[in-house]
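Pasting the structures in now, so scroll down.
In what follows, chain A forms one complex with chain B and a second complex with chain C.
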Partner chain A sequence: MLRRFRLEEPEHVSQVSELLSRFGDSAKIYAGGTELLLAMKEGLVQYERLINVKNLNCRDVTLENGALSIGALSTHRELETSKTIKEKLPALAKLEHNVANVRVRQVGTLGGNLCFAEPHADPGTLLIALGAKMIAEKSSSQRELDAEKFFVDAFETALEPDEVLTKIVIPVPGAAGRSAYLKFGYLERPSVGVGLAFNLNGQVSSMRIAVGCAGPAPRRVPEAEALLEGKSREEAERNLAQAGALAGRAAQAITDLHGSQDYKEHIVGILLKRAFLSALS
Partner chain B sequence: MQFQKEVEIRASREKVWQFIWDVDRFIACVPGCKEAKTLEQGKRYTATMVEKVGPFKVEFPTNIEVLEREEMSRIKAQASGADNKIGSRMKIDLDVNLREQGDNTILGFVAGVNILGKLAALGHGIIKRKADQVLDEFAQAVKKQLEGDS
Partner chain C sequence: MAKPMSRASEAQLIPISFTLNGRLQEIDVEPHELLLDVVRERLGLTGAKRSCDVQVCGACTLLVDGRPVSACTTLAFEVRGRSVLTIEGLAENGKLHPLQQAFIEHGGFQCGFCTPGMILAAKALLDENPDPSEAELKHFMHGNICRCTGYKKIIESIMAAAKTMRSGGQGSSS
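What follows is the complex of A and B.
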């Protein structure tokens, strides 16, 4: 059962940040509530105050200086149906289309998903591969964090206690840009997710690969990227099995209900191969 | 969940053994452990274990009972506690052993940890990782304490 709590309804980021500073661990930001309220109902966490951030102006999807800027309060449903995202980053639109179910997508926000940092979540992995930046704000300042440095551990991000994630900025790939995200699982949440992004101009360049869900937090796997970087398409395809094996070992997979470490490492390899081929098609 | 850890300490076995029974110094090495009390010297103790994984916090008031004791070489203990706030229980069966290696001492632990209740919803993998971290930090802290004053 959900215990009683006080609901704060600030309208500006600075007010959210001040509330977080003032009430510390007894307060938590509440956006879509699809993760937080479940954990509260289960009695796993208790907060005296929830800070409803839905009144903040952080919901736009815009193109700014060759980058896609996504307001952190955009819901998965808004992102999956956004014309701009479908056109500029179809891999992200597809990922969002496959997040949980339509009821979750209707209210769950991208920012909430990233900040809760549930290890078996999808978006963080592709955002790392796409080289996204997270914009974190507090009362008096704003900073930019690389997506790959945003996720620290299971349920832990690099946000400071009084910081608010307001925006996610993703460089829009050029004409040679390719990207894909694939996941696999047999429970409600995925066991493994693999995201990749690269340019193909005769040869593979700016290769970025990230693995999620397998371990405590999504992570980039430069060991695997190096095997594909600078290679022709054919050479890269030949190296996929080796790159997949390296990515599996580097994924820090942990054994849990979603599969054993060995199993997850194996699936990483399979998904990497399929994601690369899917990005080419 | 089973955990095993060994740490080599540059100190005599006698010194390590004395350290283990010095509750205040020993508890200071256990991450998240506070308010340790001796109920019966060498047999029963209480302490509160506090741990955190992201937003999830647990606080286990814990009873520790020494079940077996072989002078200078082995301790078998059991710790159990419950966090009523989040409805979870834990039980730890701990085997501590000491052996000499030249002038140094090898301090070994085998711990069987059982977590029951809602906390288990976090997932076996996450809890195991956290427990591994705690054990690592503990081993390093013991090493530092004992080698620091040698």
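What follows is the complex of A and C.
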């Protein structure tokens, strides 16, 4: 059961930001509600007010200057079925196709998913690998955060208390671009997720690898990237096992219901190898 | 801003109107009321079930504008201006929907607790994809859990209904 709360329904980002400033920790942004309402029903968090942001105009998927701009209120369903995303970033379309279940995808938003920062979530990991930027706005200003700096800890982001995530901007890979996201889990949520993106032009370049779900927040693993960067495809494939082992150790995996630390580290390695090979195919 | 801001402890009533199984409903809801409670407790339609309560099992599935949602985790005010379908609204003029008929003919349920959600989710699938592959069906339906059947007969039921619907059948046994 939910406890009683009040609802605010602002029309503009500046109004949302003002409400956040005014009510502080007693208010929370409500978008799809797929994660927030569960936490509230469990009594893990309580708010006197929810700020329904669905009237804000940030739901478009557009191409601007070689980058894909995704409105934070886009639902997983809209993203999995978006023609533009299927064409420009098939790895993201596939990820969205496999988020939770059809009912969650129907109402859950990408922005809500990122801001809630539940560790066992998919999109953040791939967005880090893709070098995405998060656009955060408040009443009078706007700033851009690198996806890899956005996630601070479990359920904690780098957003300021009165900032609103409005857009996610992802550079569209060129013809040599490769990317993939793979996850594994046996519960409703993934135990481990691995995302990667690189260019293949005779050799591997701009290699980016991110690991999620295993630890408190998705993170990039430069140690593993270095083993593949600048290598020929064959050399990179030979180094995959070592890169996977490094990525596993760097994942800050924790033992929980989703698996032991050792197990998750092992799975990171397996997924990294498979993700690299699937990105090549 | 849409609403005046008053003290958080006071009840806030939101007047909503929506279509429920084809009929206009006008009620006042508080922001924290869940769609499942409104439909079951206030409007007396108990087909949708509360089971996991965390959007995992699908027993509370309702269709909002034709798309499946978990009524256990949907705030009731969200259906304002929209169309809600529950299992009670699926048969037309006393005639079962092809999915309902197929579940009977193919033994698609045992205890029946998951069945309303199962059938509504399947309807959403077939409305957007009248000829799904078994893989597409399984992917779409994987969030609807059945603890009795082992799913084989559910899949057979949905496939049979799809065939009936493609051939223009209205649910009678052929």
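Operating definition for what follows: the second predicted complex is superposed on the first by the 281 of 281 C-alpha atoms of A that agree within 3 Å, B and C clash if a C-alpha of one lies under 4 Å from a C-alpha of the other, contacts with A are read in each partner's own complex, and residues count from 1 in each chain.
By our rule, a contact is a pair of C-beta atoms (placed from the backbone, for glycine too) under 8 Å apart; a residue touches a chain by one contact, two chains touch by 3 or more.
Being a predicted model, the structure only gives us computed values, none of them experimental.
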| item | value |
| --- | --- |
| Simultaneous placement of chain C and chain B on chain A, clash or fit | fit |
| First, second, both or neither for A:Arg238, with chain B first and chain C second | neither |
| Spatial angle chain C-chain A-chain B, Cα centroids [nearest 10 degrees] | 100 |
| Touched partner set for A:Thr255, first chain B, second chain C, both or neither | first |
| Which partner reaches more residues of chain A (counting touched residues only), chain B or chain C | C |
| First (chain B), second (chain C), both or neither touched by A:Glu188 | second |
| Touching partner for A:Phe5 - first (chain B), second (chain C), both, neither | second |
| Which superposed partner A:Ala100 touches (first chain B, second chain C, both, neither) | second |
| Chain B versus chain C as contact partner of A:Lys149, first or second or both or neither | neither |
| First, second, both or neither for A:Ala39, with chain B first and chain C second | first |
| Shortest CA-CA distance between chain B and chain C [superposed frame, angstrom] | 12 |
| Contact set on chain A toward chain C in their complex | 2-11, 15, 26, 33-34, 37-38, 41, 48-50, 55, 77, 97, 100-104, 106-107, 188 |
| Chain A contact footprint on chain B (complex, rising order) | 53-57, 85-87, 118-119, 121-126, 128-129 |
| Of all residues in chain A, those that touch chain B in their complex | 28, 39, 42-46, 117, 119, 153-156, 216, 254-257 |
| For the chain C and chain A complex, residues of the former touching the latter | 1-3, 5-6, 8-12, 14, 30-34, 53-56, 58, 61, 67-70, 73-75, 77, 121, 124, 139-140, 142-144 |
